[in-house]
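Shared chain: chain A. Partners: chain B in the first complex, chain C in the second.
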Partner chain A sequence: MNKKWIAAIMTAAIATTSMTASADLELLEGDGSGREVTIWCWDTSENGIKMNNAFTEATGIKVNLVAVEAKDMAQKLQTTLASGGEMPDIAWCEATYRGKLLSLDIWEDLTQYGISTDEVVDYLIPLETSPTTGLWVGPECPSVAGMAYKRELAKEYLGTDDRAELEAMFTDWDAFIEAGKTVREKSNGEVYMMSSLGAMGIILKGQGSEPFIDGDKLNLDASMRPILEKLVQAKQADIIDMIDYGSAEEGASYAQNNDIFYPCANWSVKFTIKMNDPDREAGWGFMLPPGGPFPMGGTVHGVPKDAKHKEEAAEYIRFIDLSQDGAVIQRDAKGNFTSYKPTYDDPEFYTMEDPYFGGQDVQQIIAQEVLPNIGTVRAPSKYDQDIEDVYNLALKTINANPDVTVDELIATMESELMGKDPAITK
Partner chain B sequence: MILPFFLVYVAFSIYPIVYSLVISFLNWDGISTPSFAGLTNYIRAFTKDPFFYKSLTNSMILMAFSIPIQIALGLLMACVLKDFLKKTRNGFQLINFLPYVTTPVAIGLIFQQMFNWKSGIVNAGLGLIGLDSVYWLGETWPARVVVILTIIWKNYGYMMIMFLSGLSSISPKLYDAAKIDGANWVQSFFKITIPLLRPIFNFVIVTCVINGFRLFDEPQLLFQSDTQPIGGPNRSVLTMIMRFYEVSFRDFQFGYGTALAFSLFIIMGIITMILYAVLNAKGDD
Partner chain C sequence: MTKNSAKKENHFLSRYLGKICVWVFVLILSLLALLPFWMMIVMGTYISEDLYTSAKIWFGDYLLQNLHTVMKQDFFLYYRNSIVVAVLNTAGGVLISGLAGYAFAKYEFKFKKPLFMFVIATLAIPPQLGLVGYVVEMRKLHLNNTLFPLIVSGMASSFGVFWMRSFISGGVPGEIIESGRVDGCGEFGIYFRLVLPLLRPAIITIGLLLFLWSWNSYMTPLVMISNQKLYTIPLSISLLNGEYRTDYAARILALAMGTIPVLVLFAAGSKYLIKGLTAGSVKG
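Let's look at the complex of A and B:
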């Protein structure tokens, strides 16, 4: 009897699972012409599928998505090449790994397929250009950011939750740090200005354009020193919470009431803030940080030279990334901004008053105030990952010992970088 | 008759080893045409790479603390199960062995959460008894302590199984005779159990040292996210295999990576030979 019950329950469970699976959105099959494009990416979500299905409906080209984590992309491409395996038709290159990936001489020149940079948002072009070959590898969605804040905490400890007043209050980072000291005092040490050194650091890094390594020559004094000075100053003022950037604890902190400000890119609204803090209706605000807007992240879509379906890949990029139809699909399916420059001529294209942000039109602010004010950007370098690694090491050191000097940090970073790669010189 | 086996052995064991050895004398990023580098990669490893010696030192520090403790714990647990918990032995055996078969990713996540500065249960416990929180995963020695604890927790169950198998081969008559002569449990442990477990000790010490040099999973998984430095704070838990992995599969210096692997092989070979000589010399005494 028991066995029968178990069998019945198992059957029901399997049937339910199958029904759920069949209800999931699937990629369309294409028009039967055999044209297809295989993309190595990390977004195989329903929104991603919707976007790709729109492309298939418009062109008849079938899309195959292969899930590859951002941090594994370089390794997978490299080992596939070394072993003579089948390369993707499009590979995603995330910002942290972009420099290394773009520096590899494995990318197709898309100008052969009638794709030019004339219609690409200007600030993106250097970010998409190979630091070694000088080739423009491919487009990426603009990923630009300001700062989000918890209105209730801002009002209680800074006296206002009004964007303009907060921007006027934080004329520079020194003013931000000073205000943070007041917040700490008023809250009896309970509330911090930001959740992590990394959160403040990503803003500071994005606001600079000086290369960390110029060619093979270290340039940390000009580029990294100002960032570390502010981070050490903020840590010594005790205005930054002790959380690792990007950790699960930082995700949880969005829903708690201990940290006020967070870096906020166009995609953060939907995929970071609302996901981590779904219940704070009208509880968030968006503003420009001290020092102005900054690029945050980004993912280049490149076509490898060894791809099988290069024509289809070029058609995909032309449609999804560099057309008005693609801009509509990206916006509606994923909330992405387009790299297609003419789209931004229409100030009403990205607009959505967000009740979650107290009625602020965050998308319009980002499209019309943040994006056009992104100035010179720091070009990718083949050493980006090494720099990120020694920078993370410095953040740990500052957290462990706030009295560390910037000179000590720079000296450690320099010796670490030279130890990592003998080609790097001082 | 043995030809098929021999062919498979050559294809999947000998050829990759020889091919790797050849790569170690090249500069190769996996894409461009390889160029001959001679001994440059080996010279770099032994004379110019600070991380090579740092990782070697780290591996030895982690081994120096974790190996004696996991062996002692495994032995103690085996003896306790054999002599005092006969009825519940199977259950305890399973419980103690489970960490060994737990997937390393899960172990990494569990220990990351437990030792988190802000929300970890360990710091919460320290707070309850009035002690300050420790930045476990952010400072040199606390990070090493976490890795050592992870290794011990994972491996002592395996040690226990090894010692239980050794204990089962010791004749109960020896213990009975000792008891008649008036020996207590502790005396029997030191005079009978330990000496007769010498072959097991030799085996577990040598395998622990080899595994210690190959340590990768535990420290890597504790510091695996994009915002964590490779090898933890101050590279305090950067092991030799982690350095090899970083050079080969992150920096794509396949030539230098394989040179590091062969350098590690040479070091492991020398240390294992010394260890065998020492252990066998003691055995001869």
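Let's look at the complex of A and C:
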């Protein structure tokens, strides 16, 4: 009897969910001309489908999405290429793997299809240029950031939750660290300035432009040392929580009251802060961090040379990434910013007073104050992933032993990097 | 009388206390082993952002939404693909491993030793090394973007051959084979009618392992399949992403659902699995 009941309940549950599932959004068929474009990406969500359907409606070109995780993209592309398999028409290259992927000589020159960098947001161009061939591979949505903060904690421990006053207070990172000491004292050691070393590190890294490895030559002294110095200084002042950056635990910290500041990109508002902390109505604020705004992440859309539908791929990129219509679709479907420069001439294009941020118009601030002030960026390198690995190891070392010296960290990083790839020299 | 009852009590304590301690110890160990699995099931019933706000010991109220997220990605199709691949792979792998192991164990032929050494040597070669070559081979045969490469890739299992050869060497008396020959049975008849029934524990063990390896295989499907309709369960997990958000809870639920066939098979074959694994460990 019990077994029958369980079977009946399971069948009903599966049938119900299957029926509801079948009502969901699907990619549109094309106009029957047989024109199509296949994209290897990691967003097959409804928002992504909406955006691609808008493209199909406008052009008649069918979009095929193949889900490939960001971390697997390089392997899948390289194996497919080596085996002579069918390459995608567009492949996504995420920031961590962007340097390695862009350094492969597998990308089509999009200028042949009438796509020009003249209309691309300036700071993006070096991030989208192959470090080995010098070719501009393709556009990406700007992913630029400032800092979000919990208003209640800022008011209680820093005396204000006003953006301008906080920005004036944190003239540089030293001032930020000093203020952090006061917060620790006032809160009896309960409240930290930031949730993780990685959170502070991603801001510091984004604010620099000196290459970590210049060609094949290590350049950590000029590039990594200033970052590590501030991180060690912050850790020794005990103003940073002991959470791993990007971990689920850090996600949970948004809803708690132990950490005040977080890096915040345009997409973080919807997908990180509001998702993790849905109940803090009017409880968040947005400001520029000490040292100014910074790029945070990004995903290049490249067209492989061996793609089957290069014309259609170019049309997709022209429409979605580099047109005003595409900018509207990206904004409305996913909340993405566009790489199409003329869009930013209209200050009202990205605007939404956000009650969640106490009425601040975060999107407008990011579009009009953050994005135009992104200065020189650190160009991608084929060693980006290796650098990220040893950098993460350094963060763990600082967390485990705050008394570690920057010299020791740099020496370890250099030796690890040279061990990872013999082509890297000192 | 008092002395006697005290003696009895001591006897009772010494007899049962030890057992109780062992039971408590085993119970704690079992709980420790089962807790992660329990938590995996429970975590699939929460929204991702709530997963790490506290330890999740009891069910949340987000199961139906997560189930909906998983199901709208054609989960049954991926389930079916995984089952087709794993079942055919296992059946073929067991057949080939059994026949090859039997040949190495019971026949004398030219180059037997070097051939067996070659099989053993392939155990030491990482499968990734041959991956590109395998993809090229399948493409030349126009079999890429089908389930066929995933099915055959695990059939020629060097571990399976090694395993079956070891079991057959120690567990199948030569006299049975000889008697079959005397009675006029053919070589395949001897294998399928006389030897195979003796191999049940070894076959179930290697079958379970082949099924598990095939079910969990990620790299071969990743590089071989670029058509979402042919995705297997491990690949389909990557569909539960947005551009900026990974739905961990839905992924956990999908993984929990994905482990059901493996659990059922291991539960059904556990008796033979233990027999197979311990075969030859005690001289008898």
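Things worth noting here:
Everything that follows uses one rule, which is that the second predicted complex is superposed on the first by the 414 of 426 C-alpha atoms of A that agree within 3 Å, B and C clash if a C-alpha of one lies under 4 Å from a C-alpha of the other, contacts with A are read in each partner's own complex, and residues count from 1 in each chain.
Following the convention adopted for this analysis, contacts are C-beta pairs under 8 Å (C-beta built on N, C-alpha and C of every residue); 3 or more make two chains touch, one makes a residue touch a chain.
As the structure is a computational prediction, the values presented were derived from the model and not from experiment.
Once chain A of one complex is fitted onto chain A of the other, the partner contacts of A:Q385 are limited to chain B, with no touch recorded for chain C.
Of the two partner chains, neither chain B nor chain C is touched by A:L371.
In the superposition on chain A, A:G246 contacts chain B only, with no contact to chain C. Contacts of A:I424 after superposition on the shared chain: neither chain B nor chain C is touched. In the superposition on chain A, A:S415 makes contact with chain B only, not with chain C. Between chain B and chain C, more residues of chain A are touched by C. When the shared chain is aligned, chain B and chain C each come close enough to touch A:T79. In the superposition on chain A, contact is made by A:A67 with chain C only, not with chain B. When both complexes are overlaid on chain A, the residue A:A400 reaches chain B alone and has no touch with chain C. Once both structures are placed on chain A, chain A residues 75, 79, 82, 247-249, 252 are touched by chain B and, in the other complex, by chain C.
Contact residues on chain A toward chain C in their complex (touch as defined above): 13-14, 17-18, 20-22, 24, 38, 40, 42-45, 47-48, 65-69, 72, 75-76, 79-80, 82-86, 88, 247-249, 251-252, 255-256, 267-268, 270-272, 275-276, 278, 299, 334, 336. For chain B in complex with chain A, the residues that touch the partner chain are 29-32, 44, 48-51, 113, 116-119, 135, 137-139, 225-230, 233-235, 249-252, 254. Chain A contributes residues 71, 74-75, 78-79, 81-82, 96, 104-106, 198, 241-249, 252, 385-386, 388-390, 392-393, 395-397, 399-400, 415, 419-422 to its touches with chain B in the complex. Contact residues of chain C toward chain A in the complex are 48-53, 64, 67-68, 71-73, 76, 131-132, 135-136, 139, 144-145, 222-223, 226-228, 231, 235-236, 238-239, 241-245, 248.
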